[in-house]
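Supplied in structure tokens, the structure appears directly below.
Per-chain residue numbering starts at 1, and chain names A, B, C and D are given in the order in which the chains are listed.
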Amino acid sequence: MSLTYGTHEVRIYYEDTDHSGVVYHANYIKYYERAREHLLGPEKLVALWEDQGVGFVVTKVELNYKLGARFGDVLEIRTTPSLNSKYRISFDQQVWRKNDPSGKALVLGKVEMVCLDRDNKLVEIPQQVQDELQSKFGMKV
Amino acid sequence: MSLTYGTHEVRIYYEDTDHSGVVYHANYIKYYERAREHLLGPEKLVALWEDQGVGFVVTKVELNYKLGARFGDVLEIRTTPSLNSKYRISFDQQVWRKNDPSGKALVLGKVEMVCLDRDNKLVEIPQQVQDELQSKFGMKV
Amino acid sequence: MSLTYGTHEVRIYYEDTDHSGVVYHANYIKYYERAREHLLGPEKLVALWEDQGVGFVVTKVELNYKLGARFGDVLEIRTTPSLNSKYRISFDQQVWRKNDPSGKALVLGKVEMVCLDRDNKLVEIPQQVQDELQSKFGMKV
Amino acid sequence: MSLTYGTHEVRIYYEDTDHSGVVYHANYIKYYERAREHLLGPEKLVALWEDQGVGFVVTKVELNYKLGARFGDVLEIRTTPSLNSKYRISFDQQVWRKNDPSGKALVLGKVEMVCLDRDNKLVEIPQQVQDELQSKFGMKV
């Protein structure tokens, strides 16, 4: 059986907030990136970059802000990947407050990525990444 | 005659880049915010916040990344506002490299904002902001 | 028996690095802040702020950069607090790479903090914070 | 006659502040970097990096925080360089509020830098940088 989404925990520090009292809106994109890296495995991403010169690059971001997170909050980023083609992955990414009985998403988002080689040329999503996402999330191209 | 878009210049420093060699993708949202603030007038925004307790809040962001900016680049953010209703402004925001004869946009984006009062209640876009945008950009609700 | 230092783990993401290939030098101050918050307890800091209106403010930072951290590194921040007076805490904070047999510190630093109330007036370090640091680290004023 | 210090203007946006209402303390290090780059000339720094593979690296930072800057503030960074040796420059860097009759510095700081080549080996401060700083600020090693 496959997962519906992967989860990644993010704690909100001073650095994350702005003077309006909530998390600065650009920062959710950082949390999304952290969550995706843990989904794929940071060591594997480093190895892909260093050994094969292949890196993931964001091509599209969509964000819908519903509620603001605050200093001290612990957020849960829920990430569902899907392979659009051999060249393009998209990630549905939601931000929830952890242990929050009210149960509302704070931010809804979608991120599309491609893989580039050292010369910035588009390459296929590495087979090992495709395989792993398929075994974890049951995805097919 | 009214403007097509407002421009704001952004210089790329070390802080803006990441180890892939180009500007970190979340940072364009910061440049967008700076450009919008200069469009509306930072002093007016401060006054709105301090005197009337009205602040602008981002509800939606869409970004399409085309080309990466690099350390030392000087970018031009081109911002075209439009009033969707008395409660919602949207901004078409593009990132171009300044003095670049090749003439391609680096990032295309769209940002939607609303106004909230001190209790986080939705309020109308202040009339003075509506008037100013209309006189500069010829917008009508 | 008391601890010599508290430890806090930090993983290095794209957002942390700059185009020179290593972590951007200002970011270590963020990691220091995260480490101090975990030393004192984020929930307690939130409660201090919300219930008593008391917040910690940095008055001094000293940093010595020895080696650069890279994308994918897992760092360990080692923090040793000391109470200089009833009004001033200082933190010796070092950055090490985790599971690194070469055993060299990447960054050495020192941070001084005071407590302010809602009117930005200097107040004593809350007794509960003093007590906890003393019980964990054997500190005395 | 030579200058006492170079000035660089920084405007404070949402991104710069934190939930305490003032500028997040790590961000002043960013403003310091921007000010140093403009002192030396961003184009020259880019050329040094691309043509000669020589980059400036921060080895030491000291900061004393006196007063907090706020959203909408326009700050003036005042930078006085001095050549400690052929291998080491230090910069005295102060943060002032622009057009502020009360006339108090917000942050006092000192930054030391060295030059590294592409292999991270210490090299002399490039002669052209030494010459320029000497002609502008009357410095001698």
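Annotations
Convention: a contact is a pair of C-beta atoms (placed from the backbone, for glycine too) under 8 Å apart; a residue touches a chain by one contact, two chains touch by 3 or more.
Keep in mind that this is a model prediction, so the values were computed, not measured.
The interface with the greater count of contacting C-beta pairs, when A-C is set against A-B, is A-B. Note: the chain lying farthest from subunit B is C, by mean C-alpha position. Subunit C has its Cα centroid 28 Å from the Cα centroid of subunit A. The distance from the centre of subunit A to the centre of subunit D, with each centre set as the mean of the Cα atoms, comes to 35 Å. Look at where the CA atoms of subunit A average out and do the same for subunit B: the two points lie 24 Å apart.
Looking at subunit A, residues 14-15, 20, 26, 30, 33, 71 sit in touch with two or more other chains. The touching residues of subunit B, counted against subunit D in their complex, run 11, 13-15, 30, 33-34, 37, 42-43, 45-46, 49, 71-72. Within the complex formed with subunit B, the subunit C residues making contact are 14-15, 17-22, 24, 26, 70-71. Interface residues of subunit B facing subunit A in the complex, by the touch rule stated above, are 20, 25-27, 29-30, 33, 55, 57-65.
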